[in-house]
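Each chain carries a letter (A, B and C) given by its place in the written order, and its residues are counted from 1.
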Amino acid sequence: METMWIAVAVLAGMGIILGATIGIAAKIFKVETDPRIELVTELLPGVNCGGCGKAGCADFAKALVAGEEQPGKCPVCSQEAVSSIARALGIEAGETEKKVAVVLCSGDNNKSKVKVLYNGVSDCVSASLIAGGPKGCAYGCLGMASCARACPFQAIEIINGLAVVHPHLCVGCGKCVETCPRDLVKLTPISAKVHVYCNSPEKAPIKKKVCTEPCIGCRKCLKAGEEGQFIMRGFLAEVNYDNAPDTDITEKAACPTGCLKIAKNHLAIEQAEVA
Amino acid sequence: MQEYLEITIGAVLVYNFVLARFLGICPFLGVSKKLDTALGMSGAVVFVMTMASLITSIIYNYFLKAPIEIGGKTYNIGFLQIILFIVVIASLVQLVEILLQKLSPPLYKALGIYLPLITTNCAVMGVATLNATQNYSILKATIFGFFSGLGFSLALVMFSSLRERLELADVPKPFQGMAIALITAGILAMAFIGFSGMC
Amino acid sequence: MSAKSAYKVVTFSGGVHPDYDGKDLTRECAITEAPLLDQYQVIVHQNIGAPPKVIVNTGDEVKKGQVIAEANGFVSVPLHAPTSGEIGKPIEVPGPMGTNVPVVVIDADGKDEWGELMPPIDWKNSDGDTIKDRIRAAGIVGMGGAAFPTHVKLSPPADKKIDYMILNGAECEPYLTADHRLMLEQPEKVLAGAAILAKSIGVENIYIGIELNKQNAIDTLLAKADEYNVKIIGLKVLYPQGAEKQLIYAATGRKVPAGGLPMEAGCVVQNVATAAAVFDAVVEGKPLIERITTITGTPVVKPGNWKLRMGYTVAQALELAGGVKENPGKLILGGPMMGFAQKSLQVPIAKNSSGILLLARNEVVQYESMPCIRCGKCVGACPMNLLPGTLSSQIESESFDLAEQYNVMDCIECGSCAYICPSNRPLVQHFRRAKAEINMKRRAQQKK
């Protein structure tokens, strides 16, 4: 019985001594850290995608607390998460609309022509270094899935030789935009439902030789839409995403090639959803 | 002198903590993906194991080894060994972390995140209990602790270099990730069996 | 003194030798002047560096040798009309690199009249800058393949001392014999050109490296070499013997530091064809408007070496050679190892087009790339002593930082590793990608 008391006494004594030592040491050698960093890190999604431009979520949290960044810069956070982070920091949440990536090309294997036989590394960046890639159109999607491999969320699929973004999976981190050697992936506001699925500013006859569904620059959409809803880049009409048109523009404009489409009517996506 | 030589070689190669005693497998698998983090972890382990060996062997040699006398009666508190070691090592690591953070921020940055990970790691506990069972003196225990840590580092650095190469290899799907890492670790351990019998 | 002992035989480490080098097709074919065309399509941008600025307009009359585009910046050279005639509407045609390029169209008037030639220079008694200015004014670029402006190579920074002027007559690419015939038929031009090049940078030691499979060229040059104080070096028959860094090592034993230029080893390397062009420019005052091109390959009816003006298209050049016997499998501009496969016959000849090579259908195999079996053949073949196998797996897993540590930037893209690889891995393509990615990263860092 006495042994038990000794044991209790020893452990209790040890606990008190060690606890006191650590306690005192913690007081004396205190290093100030902001408790908000931890709080914000927890509120962030924690996927470390790097979409904000920082090394990871923890790094972004540090920058947020230091006031160097706005919570809205995180492309993955939902609106609620952004506002709760802003509350935690005691600042205004910068208004941001969620963005999704869109591959602005219609040229799948059926619609576009290939200019040469390519027998090399199956990677868009590698292919584009050799004579600009095998595709007939110098601006179109090469379909070798560099963007799909870069996507941390598996939101991009190659369907019939054309990269297609699944909007419900896309968080808008922009990795694909960086990767694409042809710069035809664009981040667009999720509310914009209509896109011109073409990226070539060439003249219509050149485009028509290599693709059956290019933007031929007829300006029908410009006339049908309101002022400033479309911009011309060379011979290519582009949606002005600051002032995106409604979905009924497709009927009004009656695009002769069908290049102007509502996102869900983009053939490849439709096929994917059916499959 | 020969005794010390035996302790050092035994700790590093023959009875390597990871590859022969199979202690400390958790950090061995967890922090071996990159050479950089493996080096940081190695530093932390060497440090903690040496400190833990020193402190626990003092406690062992003065309080636990022989029955202690209080008020004319003798009490044997050897059975408290494990729990005492845990408490002491945990507090020690905690204390060191606090001190490092204040006194040497660069060292804290290098080792800091690994220190709490290994407070009551089985390799650290293992070195303390081994010291006790082997009845090492304080000096021998500290040397043993230091070189055991080095042995752990050796295994960790070798393994992380292997895993960096594995990253580039085309591994069949069922073996990807931890599976191929465990197979590699097994082969590495088999190689270390070659040292057995040296001392 | 016998011819054998008059030169030393050297080589570098690594390299490959193809079983069939295809040189027998055209080795005996003397250089023939190509007939005049009705129309020439001259590619505007024929050099590495800034494209020259076109200074002629549609409807202008030009004389042969007249400047039609002037240099734009230091790393740029002017372009000259290949014949006399009228300038047509500017158009774009498929270029040698696969993209469309702008050309100046000249509708020939058939007179082929020279304009005012540049005055000859007494190069033995003139200073280096005069010669360099003339070389630049004549639009001379590296004719071995890179098309790097020659005057830039001849202008090392003041703190670099150049000890050797090395001419590359290795012609290590299979099939090509243009340089071989040049050395055989116009040895004096080559030797004098070498002496002029050396004079322009004040170098005493002049070497010409020639592979041993061109014995008659070696003998021809040896007979006259002493007049010009030129030393001939025999090179083992091995690809890529003619690559700058390999040639420097073979000739002088010096190594160019990783990532460095030949001038850092105190050497300047020029092609023999460039030297001949320099002779024309300095002694005769003629600008660079034509070059010797080997038109060869088994499907070609009459393979040979032709002197082609800039602006000949591949189709017209093939007609000279009697057309094709069979439907070919591949068209390559340059040699088979480093040349570029073409998609169109309408590609015009440029200053660096050393060969037009057609391969038969059965000679072109669509290889399927297999996993690396770690045989290490690529390591033995790499003339830069890199580890192509390791690098390719690093690049496949997109670890470009690691590849950079393993010196992928030193790859000269000679293709020896891909040639020797039993798994047919597209090694060079991987390296080109890594180099592009790393360059992109470096540029981004510089901007910061």
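A few comments on the model shown:
The rule is simple: a residue touches a chain if its C-beta (ideal position, glycine included) is under 8 Å from a C-beta of that chain, and two chains touch if they have at least 3 such contacts.
Model, not experiment: these values are computed from the prediction.
Common neighbours of chain B and chain C under the contact rule above are A. Relative to the C-alpha centre of chain C, the farthest chain centre belongs to B.
Averaging Cα coordinates per chain places chain B and chain C 62 Å apart. If you average the Cα atoms of chain A and of chain B, the two centres end up 44 Å apart.
Of all residues in chain C, only 371, 390, 393-394, 396-397, 399 touch chain B in the complex they form. Taken together, the chain A residues at the contact with chain C in this complex read 115-117, 119-121, 123, 125-126, 129-132, 138.
Of all residues in chain B, those touching chain A in their complex are 70, 73, 75-77, 79-80, 83-84, 87-88, 91, 94-95, 98-99, 101-103.
Those residues of chain C lying in contact with chain A across their complex are 97-99, 340-341, 343, 366-367, 369, 426, 429-430, 432-433, 436-437. Contact residues of chain B toward chain C in the complex are 167-170.
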